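Going by the order they are written in, the chains are A, B, C, D, E and F; count residues from 1 in each one.
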Amino acid sequence: MSGTIYVINPNSTERVTRGIDEAVAPLRMAGGPAIECLTLADGPPGIQSQRDVDGLIPALLKRAAALETEAAAFVVACFSDPGMHSLREQSTKPVLGIAECGVLTALTLGQRFGIIAMLENSIPRHLRYLGAMGMMDRFAGDLPVNLTIQEMADERITLERMIGVGRALRDTHHADVLVMGCAGMARFREPLERELGVPVVEPTQAAVTMAVGRVRLGWGGRPLTRG
Amino acid sequence: MSGTIYVINPNSTERVTRGIDEAVAPLRMAGGPAIECLTLADGPPGIQSQRDVDGLIPALLKRAAALETEAAAFVVACFSDPGMHSLREQSTKPVLGIAECGVLTALTLGQRFGIIAMLENSIPRHLRYLGAMGMMDRFAGDLPVNLTIQEMADERITLERMIGVGRALRDTHHADVLVMGCAGMARFREPLERELGVPVVEPTQAAVTMAVGRVRLGWGGRPLTRG
Amino acid sequence: MSGTIYVINPNSTERVTRGIDEAVAPLRMAGGPAIECLTLADGPPGIQSQRDVDGLIPALLKRAAALETEAAAFVVACFSDPGMHSLREQSTKPVLGIAECGVLTALTLGQRFGIIAMLENSIPRHLRYLGAMGMMDRFAGDLPVNLTIQEMADERITLERMIGVGRALRDTHHADVLVMGCAGMARFREPLERELGVPVVEPTQAAVTMAVGRVRLGWGGRPLTRG
Amino acid sequence: MSGTIYVINPNSTERVTRGIDEAVAPLRMAGGPAIECLTLADGPPGIQSQRDVDGLIPALLKRAAALETEAAAFVVACFSDPGMHSLREQSTKPVLGIAECGVLTALTLGQRFGIIAMLENSIPRHLRYLGAMGMMDRFAGDLPVNLTIQEMADERITLERMIGVGRALRDTHHADVLVMGCAGMARFREPLERELGVPVVEPTQAAVTMAVGRVRLGWGGRPLTRG
Amino acid sequence: MSGTIYVINPNSTERVTRGIDEAVAPLRMAGGPAIECLTLADGPPGIQSQRDVDGLIPALLKRAAALETEAAAFVVACFSDPGMHSLREQSTKPVLGIAECGVLTALTLGQRFGIIAMLENSIPRHLRYLGAMGMMDRFAGDLPVNLTIQEMADERITLERMIGVGRALRDTHHADVLVMGCAGMARFREPLERELGVPVVEPTQAAVTMAVGRVRLGWGGRPLTRG
Amino acid sequence: MSGTIYVINPNSTERVTRGIDEAVAPLRMAGGPAIECLTLADGPPGIQSQRDVDGLIPALLKRAAALETEAAAFVVACFSDPGMHSLREQSTKPVLGIAECGVLTALTLGQRFGIIAMLENSIPRHLRYLGAMGMMDRFAGDLPVNLTIQEMADERITLERMIGVGRALRDTHHADVLVMGCAGMARFREPLERELGVPVVEPTQAAVTMAVGRVRLGWGGRPLTRG
C-alpha cells in the first residue's frame, strides 16, 4: 500500500501539469497515498493527432519504467489515454487512463454523456475509443471548442466557448452529463456545471479517485497468470 | 467535504453488513471522510427476487432521508442497486450503487466481464440492468453459484463453488475480469483472483472508492436544475 | 380461459382510468375475456418520478394479489411499467406493461420509433428502460410536452403541444412511428396520426391487445419451473 | 372494423395451413373479426432458402391484392416473413409477419430468446432479419432441428428433436424464452413448454393476436402520407 | 481465373447502365478480368420501393443463371442489393452487392458514414439493411435528395441537391464519410468530395473493386459444404 | 494512378514478408499498379503485445515517409493494424490495414465471423479494435492457436492447430466465415477452407484488393479539408 500515484501528463507543457496538480489536490489525504504529477519532457507540447498519441508512447513507457519501483499506481493524464494498454502490460501496478475513467464516472451521473472536445479532428479518435470501450449506447455527442492558441490564453473566452459547446451537447444532443475532453482545466468544471445545470466530470479527478481506491485496496495491476 | 459516507446494506442480515464493513476498512483514511455501514432493519433477510428489490425501497428512502443532513454520500450495497435512482432524486448528496460501480470498475481491468451471481433467478434482473447501463458489448456471462443456506454457511464450499463459476466464466464465456455479484463476501476476492488468474472486482469496494472521490472533490449529488 | 383482464391504473386519478376504459372498449368482444379498468387508490395522483414509480409498487402488488383468483391477466397501465417484473413473479397469470407493449407494437409499424413523453425528467428513466429492453438500435428520440396542470386541462393546447413534439420527433429525429408516453389519452391518437402522417401507438391499447391473445390462447404467466 | 383477417401460408402445403388454422382457432371470438387461413397454391412446397423466400413474393402479393377489399388485415405465416414489407406498401390494411410478432412477443416473456429453427441454412437468414429488427442484444441463440422428411412425418421424433434443441438453447445459450421458428406446429407448443420449463411462443398465434387488436382498434395499415 | 465479372443493373434504364460502365472503366486492367455491365430488361425503370426490389428478383436470378458458365463473378448494381443473398445461393461464383460493398468501403475512410439517398421512402429499407449488416454503431444518417424526374434530368440541380444533402449529413449528422445511395452517378463523386471536403464512396466502384480481387484470388462464391 | 502499393510487414521477419509477397502475387496485373512488399527492419521479430504494436509505429511512419513520393498506397500488413490511423494522417495516399480489410471482407462472405488468432493475449486487443470498428454484432468468436516457436516451424502441426481452432469457431461459436488473424500464412487458406467448409479470408489479400481499387480509381488518401 506504500508508494506514489504518478500522474503523468504526456505532453511537455508544464502549465497543464500544474492544472492537473491543483485538480487532484483534494484527493491527497493524510492517510492516503502520495500523488505526484509529472510532465513528460519528451512528449509533444500538445496532443492533437493520432501521430502525437502514438509517437509519445515509447517515451511514456520509458519514464514509467524508471518509476516502477516507487509507483503505487500510474495515471495517464491525456484524454486519448496514450499508451495505457501498453503500460498495463509493462507495469505490475494499476494503470488508469483519464478518458476511460472520465467516461465511466459520467455513467454514474447521467444517462447520456457528451464530450467537450478541444479539437474537431480528435473526434473520430474519441469515437474509435468509445467504440472499443463499448460505450456507444450511452453516447450523446462530442463537439469541439476549436480554440486558437490566442483564444486558449484567454480564460473568459475559453469558458464561454466551453459553455457554448456544453449547451449544444445538452440541448441538441440530449446529454445529461458532460465530460471535459482534456486535462488541466479543472478550474472550469464548477463554472460549467453551474452554468449548464448538468453534472460535469473532470477526467483527471475521476481517474485519480479510482487510483486511490486501487492502491488502498491493494488491487494489483497486470492481470495475473492463470492458475 | 465534511459528513459521513453511509453504506446501506438493504437486507436485514447483520453478518452481511459486517462483511461490508471489513471490506471498506482500507478506504478509511485519516484525512478522508468517515464511512459507516448500516443494516436496513426493515429490509428482507436476503434479496432474492425483483419483489425483494422493489419492496425495500420505501424503507431505504426513509432511512436515507433520516441520514440526509449527516451524509456526505450514500452507497446502496446490494448487487441489484435497489432504489438507487429514487435515492438520487431524493438526496442532494452523491448516491452510488455497488452493481453500477462494480461493473464500471471491471471495465478498467479487462475487456469482457463476467458476473458471479448468487442465484439463477437473479440473472434476468441483472441482464435488464446491464442493458439499461448499455454494457452488453462488454458482457461475457453471468452464472450462479446456487448455494443452499447450509452450503453458504460453509466457507470452503462457498469458495469452491465461486471458483467453479469463475472458471466457467473465464474458460467458456471468455471473461477476462470478474465481478462478484453480491455484497459482504470481500474475503473471497483475493483467493478467487489467485485461483483464477484474472482480476476480480468486489463491488462495495469499487463503489466506496468512487464515493470517497466524490466527497473529497465536492461533486454534488442530484443533477442541478438547468441555468 | 375464464376470468377478467385487470387493467390497473397505478395512479389515483379516476379521470385517467376513465380514459383507459374508453381506449380499451373496442377490445371487449362478445366471445372474449372481460376487461376491467381499476384505479390504484393508494397510488400517487400522477407518476412523475422514479420515486413515484418505486413507491407505488407495494400497493400495486397488494391490489393485484387480491384480484389474483379472478384475474385472467394483468395490465400495468403507466408508461414506466411500475412493478411489472415484480408482479410477474407474484402472479401465475400473464402480466403486461403498457410501455413494453407500446414500444414492441411500434416496431411493427415503423423502423425508428419516437416517444411523446409527458415530462422532461421522465426521459432518463425511459432510456434506462429502453436499454433494458434492448431497443436502442430502433430508438429515434424521446421529447417531452412539458405541460403545466392548467395546460393539461385544455384539450386543444394539449393536442397542439403533442403535435409539436411529434413533428420534432418525425422531422428532426427521423422517427417514422410514434408512441404516446402516457395512459388515458387515447382520444388524441387519431388526431395525432392524421396531423403527423405517421402511425401513432396508444400503449394501453397495445398492451390489452396482447393480453386478450394471451388469455384466449391459455399462455400462462410466470415462467414454469424447469423440468 | 368489418372484414376478414387473412392468414396466408406462403407455401403450398395444405397440411401446414391446417395446423395454422387449428392454432388460431382460440382467437376467433364471437364479436371479433373473422380469421381465414389460406394456402398459397403457387408457393413452394416448403420454404427452405432465400430463393424460396424471394421467389414466392410476386404470387403472395397477387393473392393479397385479390383479397384486399375483403381483408381487415393480413398475416404472412412463414418464419421468414416473406414479402411482408412489400405487402405493407401494397395494402392499405394492417400487415403482420409471424417472425416479427413471434420475436416481439417473446420479449414480454423472457430476457433472452432462443429460436428453434427447422434447417441449419435458415440461420444466417434469421440473423440478418433479427439484425434488421435490432434484436441482437436480446438474442440468445438459434439452433436447427434438421429433420429429414421422413423424420418430420413422425410426431414423436419431431417433438424429441425440438426438445433437444430447446434444451441446448436453454442450457448452453441461456435462453429463458423460446420461439418456434416455423408455422403449423402449434400442437408442440405446450409439450415443449411443459418439458423445458420456459415459455414457448408459437408465432402464428402471436401474429394473429396482434392482428385482431389492430382490426378492432381500427389502426390502419400503410403509413399515412405526411400532413 | 478466367471469365467475366457481370455487373447487372437491375433496372431497365440503359442510361444508368452506361453510367455504371463508365464508373468501372478504371478497374478494367490489361491482366485483369473482363467487366461487362448489363441492363435487366425485365426490371422496373427505376427501383423505388420494396415491391420493386422484391419483384425483380426472379428476373435477376434467371438472367444470372444464363450467365453462370461465363461468369467469374456477379455484382448487383442497385443500392438495395436486390436478390443478392438469393444469387449467392444460386451461383457458385462470387456475388457482391453495391450497398454492402459501398458501406464496408466507407468504413475504411471515416468513422461515421452518411448515405445520400435518392428517395425518402427508401430510408426505412436502408435502415433495415444496415441493421442486418450490423452497421448501426457507425451510422451517422441517411437523407434523401428527393428529386423529381425533371430535376434529375438537370445535372446542375442534381449536383446541388446532393451537395446540400451531403452538407447536412456532414454538419448536422456528423458524418465524416459519405456513400452515394445509387448507381450510375459516379460522375458526381469527385465534385461532391471536392465541395464537401470528406471522402465520398461510389458504391459500384467499391463493389467491382472487391469482385476483381475475388476473381484474381480464386476465392469461390457459395459457402462450401462442411467437411 | 502511377506509383507503387507498398505492403509493409511491420515485423522484421523476412519469412513473413515472403509469405505476404506470394499471397498478393495474383493481384499484380499487367495494367494494374505495382505491388511491393517490404520488411520493417526496425520492427520487432514478431508482434505479440500492445507494446510491440505501439513501439513500432515511429519506425513505420518514418519508413512510409521515405516512400511517400513513390507510393500509390500503403498497406499495413499486421493483424493489429499498427499505426494505420497515424499513417492516414501523415500520408496523402490511401492507407489500408489488413485487420480492417480482412474483417470487412468477411462480412461479404458470411453472417458471423470468427478470428483464428495466433496468441491468446492478442484477443483483448482484437476485441478493442473490433469494438472501435463497430463490429460486435457480427462477431462470433476469436480463439488462439497458441503455437510454440518449434510448433510454428512445422507446417503440418500449424495447419492442424488452425483447423482445430476453426472447427471450434464454426461449431461452438457458430461462425460461418473465418478470418486468419495473421499475415504471411496465405498458403493455409485453401486447405483450411476445404477442411472446414466455410469461407476463409486471408487479410493481406483482402487489403491489397481494396488498395488496387483505390489506386485505379484515384480515390485519395487523407480526408480533404472542408470546403
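Some observations on this one:
Everything that follows uses one rule, which is that a residue touches a chain if its C-beta (ideal position, glycine included) is under 8 Å from a C-beta of that chain, and two chains touch if they have at least 3 such contacts.
For each chain, UniProt lists the protein as follows: A, B, C, D, E, F = Asp/Glu/hydantoin racemase.
Keep in mind the model is a prediction, meaning the values are calculated, not measured.
Contact with subunit A and subunit F alike is made by B, E. Common neighbours of subunit E and subunit F under the contact definition above: A, D.
Graph distance from subunit C to subunit E, where chains that touch are one step apart, equals 1. A rotation of 180° superposes the C-alpha trace of subunit C on that of subunit D, rounded to the nearest 5. Interface subunit B/subunit C: over half of the residue numbers present appear on both copies, so the contact uses mostly the same residues. In summary, the interface at A-F recurs among the listed pairs C-E, E-F or B-C; the equivalent pair, sharing over half of its contacts by residue number, is B-C. Centre-to-centre, using mean CA coordinates, subunit A is 42 Å away from subunit C.
Subunit D and subunit E, compared by their mean Cα positions, are separated by 32 Å.
Computed centre separation for the pair subunit C/subunit F is 51 angstrom, with centres defined by C-alpha atoms. Multi-chain contact residues of subunit E, defined as those touching 2 or more other chains: 110, 128, 131, 133-134, 136-137, 176. Taken as a graph of touching chains, this assembly has some other topology, since it is neither a line, a ring, a star nor fully connected.
Pairwise, the chains that make contact are A-B, A-C, A-E, A-F, B-C, B-D, B-F, C-D, C-E, D-E, D-F, E-F. Touching subunit B in their complex are the following residues of subunit A: 1, 26-32, 96, 100-101, 104-105, 107-110, 133-138, 170, 176-177, 193-199, 202, 205-206, 208-210, 212-214, 216-220, 223-227. By the touch criterion stated above, subunit E contacts subunit A in their complex at residues 110-112, 137, 174, 176.
Residue ranges of subunit B in contact with subunit D, taken from their complex: 123-124, 127-128, 131, 136, 141. Those residues of subunit F that touch subunit A in the shared complex are 49-51, 53-55, 57-58, 61, 83, 85-86, 88-90, 125, 128-129, 131-134, 136.
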